[in-house]
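Two complexes are shown next, each including chain A; its partner changes from chain B in the first to chain C in the second.
Up next is the complex of A and B:
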């Protein structure tokens, strides 16, 4: 880690923070309140065409021929393209580029993109799509991941070295055999995590314009502008410098807008062909096909524990259903094992994770990428082990807390750690000690914990350049503008940048603008994923501010003919610390600096230190800082109907330092909601023909304000040594414990262990009946 | 198809303006607002009545504009998110409609995509019942899906708007000892909403 990346954790220019820690409004909040904010589908360009896709009706088939002549003859149709027009493969991970914008040779799931039409309006484009004739040769389809593990002909990706295996990772640390031999209790069980999807309320949309000089501008609802620029320019054969990618205001993402998507390539290509702007807006149904949601996983966990509560070892075997393409799957496969090694200390660990291809919509990263599923399994098993040794489940979690400034069993460096305080907080707020195990039948409390990354030092494509870059422009008007490649996806990243500028330069928030996620204007930033933004963009912003401040202070000191150390800037006014009556406004200081240095500006950057275990894959999951979370869930279970009523979630999260507590709480609540409702309401699946079981927000129900429990955000601050003022992530970590804590609460309520998601009324009733039968049997036996 | 696009001429009342438009007969009110009138504050999340993002007020009642043909909005008063602040100003108010201001101050506007509809549902509720309790608030907003917030800061925003209209002290959120929503945009204490 370079010196430029360490900035201290306290208030920079005095005893107290001015802006950090305040629940300021969001920078773009009012534009959203009034309907003024421009999202991708709000963009209307003169002469704009509308594009639509033909999608595959088969789960797995070879394309024999495509005839577009009838469609092309339709009045109002301007262009039609197929896979032959965009033959270059892409994929977000450089080693697994296995996607085409439009199918080349074969289709791999129902909904795979086959051809695209640009027409005068959407109706005409839809009519033309229906006129395209495609002949398919249907192939054997794979819907069961267990079949893909063993059967490789026909291969879903014929070029793939390992048949239908997408990725396998096997890692072992320590000695499992003696770990289990030394345990007092060993449990081995199976867990099933269903699939779930992001369902951001804004459907994907992209608009492209090609200007006469060959420059292409692409507006897209993406959360990673940089990767879209890299992949779209490569597939189109354009130099990156000729493709400008802009992320307009984004209507939610949650990981579901982190891959480059077919529509981005297609609108850019169609704009180049037609010479007219082209828009494509996906229907809600299409968003379900595009998916990239949470991978279904079948997990076997074996864990050993001693009577004193200490864990001796953990072994996991995981089958991951990847769907039809690789997406981020290489990382998912590593994360499914690599991210389980905290917040608990266990000296022995082995995992064997295999991701397979199936003929279903492709899975990818969803909030808590790859680690929500293992966490679900492990935290339930931990609850069962606690019961087996007769220890309170919170106490067991305390006993195993890995603590701070240490290393995990797989070699990840842990610095700050507020997990113990998270447990204290949920225990206190839920009145755990007086209520758990003592509530009436049907009501219960459950606990779970977790750890998550604040960015990772693995930058998707290996390079030595900064992961986050920012540029500042300042002038005599008193305005400071920050240009950041960081994607504000609603989580507040531009607001974080503004808070830091206010803190470092003594500015009023209204004197700060943030221009974000426009590749022509902003330095490269790797975008909004892996919970990296606050940590990395925040540190880059501090870096840029300190350089700028130095210039300003130097100019003022020269003007006042005093030592620069005497010039204070940081509270809206600039003064001589030894002669307080010598003072000017910040704006006047900018004027002096502009005269002294000429036009002002600065850049800032952040890169991670070298991190990770010394083995292949050891850097995947290595983060400069980890966040910690604990949940207690309160639930009511109706034993007659099997209905689950979610009452309360207490979510305590160690976010390092809360730069804006209100925004941190919003992330914690949003995460807790997303996790707990996916356990009860959601199930992303296909039927036996591979057809999506219900690609609508009615058939894939999202929880309403009435279904969502009361969420109680409890912020814990551990002050991370390397985070910006000590901050860490808050956008994904707080999701993880929700699902297992719910399962554990259901056990407390009615005595059934649910190890398979989702928790439908049918599953609850079946488990209740099985329990009743067992109770009867044991009772009968004892009579 | 072009043939489907036979236009019809409509005369509507949108945000208190009399508006004339000519759109294809099968267009919904949502399409008319967004793609003909440029009132893009009304959002489309599903186009089939499942999400609530397209909610507008028709004669004061929250309705899904994706399920209403543009032609069927004739003779009715349509209010969109763009009309909320101007209506508040016309009625002698300053700044934003208190619902909009409270949503912003409470952090409810994460991605914001659901929020035009959400704020209009909240506005309609408060017009009908100025002091609803939490269950009534949740009920009134249950037709508007939000994927970002978990609804907590939305409910807090509505409760803050109610508290401020009655002069009561709002209930503190779990993450703050006092009322954290007093501080706004300006570090010197000015209300950014009035800026």
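Up next is the complex of A and C:
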């Protein structure tokens, strides 16, 4: 079977699914609950050293000199390295390698890594860090992205062609001028999205060991083992085959562990230098500096609508604050425009997005990469346009639903689409028709919709090899082991693999093992990002299972001397469909197959079909399948304090098919929580000195159980023609509508439009006062 | 995780041993109760200690007793959860029970003690940070530096007293017993009125020094018509320190006429602040009558004019000032409820 073959969407062997659609407990669930799971920081190796980083106290400075002699003289210090020891630049995107594991010549934000110490314990390493003497020449620092747009000297990255501009993307589809001319209402407004970070509970940690023959093993809390292997081996000058990267159990990532990070290079280098295993665990504060969180964006949207509700065109101008490095910024810049073109059909579109560098912790991908911010702006504007033409906002969204089997204005292929049903679900569950606009002052309902990718056909570095690969091992014991490069970061990717194996081969879950994210053992997979895992790894798993099943069925058929078509395998029993009493267990079938074929095994792969618009960047954001979401948020606004009480979020999400409804609902609830909390509590910002304003979980507050709204997950299944059994993503899409739906709900509650995040009580009160003053004025004028 | 600096841990079982151990450390000794404030501050290195004296083994420091006069005698080592849930505290000192029930999160209330809360250090966004962070800033007046980042050119630290129990204890006219190692000048014991404990310096906002052990908290009996309430402004429903905390006391007669009133606010500057005019405005008003509504409106204005939150703790200080009258109203409502 070729990698791009379709596997069908129904139950593979018979009328009903046996494992798919069941809420099986997560593969690692019990081990996490009991504490048995091994995270990176649980790894202790004999003779292990501990490493710590010296970080820059300046936001922007040139390094004049570094003197490590006093630190090296401290007893218990084994090695100290600086930028000179790891001079090769890296970056997750091959065209924008602008990072060094340790600063070479320059530091670009407070917290930038300068030197690393390996010592017998953490306290000795910390003490040594304070003994390193660095002389800096402080440079002008940039905290305001608008300054970076126009001022380029001093450049944050002196080699960069466009000064302090990190990336600019301008794309136009259709004719905006006539689009706005033909509209009945055109609105143009500014929106501001603040920054936010992932705040995964597990801080980053890495451990490395170098063997006597020069093989390096690196355990890291990464969500993309493959890119870590590529970049670390390149910077260290090691062949990829000599660097083994293993992801232990992960305590959350949300995009914040997608880049290769300083600590991975540093522990590997220090292990090679000292000949001892080396560990580095970051503090919570250091995790805030590593950041790669959601980009702050300043957005201007102009949208036209006809009285019948049809959108005529959308124009966006966006300034993106990238922080100090490129990270995934090239993709972010594209995504800020490319991913807005559904679930609504608008025939004309233009966007102009510019990402700039500033001297702040670097931004990167956070759940809903690059598209949560534009979605925030657009869905609020859509609400305002609905009001302007006097149409129910859900109805306007229905009128513009792009539908299935179609193309977006920027040339993206849309196949399955359950958006209309998502709207129906939230409308019904929230009792929208009888409640919206009719609730007492202070209480309101708001709606928003969105679309997101299930992986993209853009593999970060161009190549023709599979994007997902998996290998199966099976033997006479009855056990099937899957080796997958897919990273289980808590989202359930290994559980999905297991469900598919159970379904395809009729196995009990306890007769399946999944070995994941170990580059020595598992075939290459591009890892956990852009919501690609269920779709791509799932398809690769089906591919491998079907090849294996064929071998087994063939062997059993030969033994029974019947046609292979008559052999049923899929329920734990293997039998002759025309002579039911001829039956054996699956394990016995494996035995027969092993005898017939010799040692058994199979591989599976997936690659996207050719997708995307025929223009530069047209493949960025092109996905084999899109997921769709609608939210209705119910809010209470305290008009005395301006404080927001989140009551309910109804989340309807089209995930294609829910392979495991419990996991899908978990992702939907988690996404909605993460999104709405960003709007109310979080603000990842630096203060006037360029210091992170509060790099701790006390000063960067996440909602507690008391602050969390009731989350109602409403699963919609559109059955995608190309997804595994029809499945699409559920991990990121369901976040998007939360923020604009909240803003729209606040409007319904108290009549103020909040277009700037976060929705602090001070801002709410100010807007309430402005509205009261305006109401008074207009009332006065009409008398 | 941030590392805890090295120190010697002592675990005495008597008050006398404890105070001697701190005295012997020559200014570099600290008492440790629940540790929920001391440990983070040691990790952040703006408190330094060579000797940490854990109080957990001293039974004499525990317990809640109702005195013969009908007041309360509370051991400082009593956990916050025990205070909040005590029927005696709820009855005799309702504002204290309410305030303590809002401190931090459930785990902190299990570990944290009332004595530790009384003795809590002040808080400021420029000080409650790691050593690295503070060194990048160039430090500040409170520790290792020469400038204040809250009040430009300021010569005195204005970090905020942030202990939720303080305004409640102030309205309850609590007294505090302290004891330090005896010297040739005296036995080391003294009793302070709660109001006398604090001074207007955020670097160390107590009139006692770090070697004086709080041994008992006394709350005089409250009259039959005593009402007390606490209202706390914070972003989340749990965990957060107060952005503003208001304790209110009303003692009313049989007719509902207010005989005594008191309002104290926390999380402004280095010490709790009494709303001076509260008593004058509220006394004589009758609950449920128009006279009360008028008095309430006047008290809200008076509080707004007297309280000036600073950008010391996180949160928009202008908004916090606007919240002063609202939380005064809510504290009074909590008292009456």
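A few remarks follow.
Keep this in mind: the second predicted complex is superposed on the first by the 778 of 783 C-alpha atoms of A that agree within 3 Å, B and C clash if a C-alpha of one lies under 4 Å from a C-alpha of the other, contacts with A are read in each partner's own complex, and residues count from 1 in each chain.
Simple rule for what comes next: contacts are C-beta pairs under 8 Å (C-beta built on N, C-alpha and C of every residue); 3 or more make two chains touch, one makes a residue touch a chain.
Predicted model, so just to flag it, every value in this text is computed and none were measured.
Look at A:761: by the touch rule set out above, it reaches chain C but stays clear of chain B. Number of chain A residues touched is higher for B, counting chain B against chain C. In the superposition on chain A, contact is made by A:670 with chain B only, not with chain C. When both complexes are overlaid on chain A, the residue A:418 reaches neither chain B nor chain C. Of the two partner chains placed by superposition, A:527 touches none, neither chain B nor chain C. When the two complexes are overlaid on their common chain A, residue A:572 makes contact with chain B while staying clear of chain C. Once the two complexes are laid over each other on the shared chain, residue contacts for A:715 go to chain B alone; chain C is not touched. By the touch criterion defined above, A:57 lies against chain C but remains apart from chain B after alignment on the C-alpha atoms of chain A. In the superposition on chain A, the residues of chain A contacting both chain B and chain C are 123, 203, 283-284, 696, 698, 704, 706.
For chain C in complex with chain A, the touching residues are 1-3, 6, 105, 125, 128-130, 132-133, 135-137, 233, 235-241, 314, 316, 318-319, 322-323, 326. Chain A makes touch with chain C in their complex at residues 55, 57-58, 110, 122-123, 126, 203, 281, 283-285, 640-642, 681, 689, 691-696, 698-699, 701, 703-704, 706-707, 760-762, 765.
Residues of chain A touching chain B in their complex: 18-19, 22-26, 28-30, 32-39, 41-42, 44, 74-76, 120-121, 123-124, 127, 198-203, 249-254, 283-284, 429, 489-492, 502, 508-510, 572, 650, 661-666, 669-674, 696-698, 702, 704-706, 708, 710-715.
Looking at the complex, you find that chain B touches chain A at residues 1-2, 4-5, 24, 34-35, 38-48, 50-51, 53, 80-82, 84-85, 96, 100-101, 103-116, 119, 137-139, 141-155, 173-176, 180-181, 183-188, 192-193, 195.
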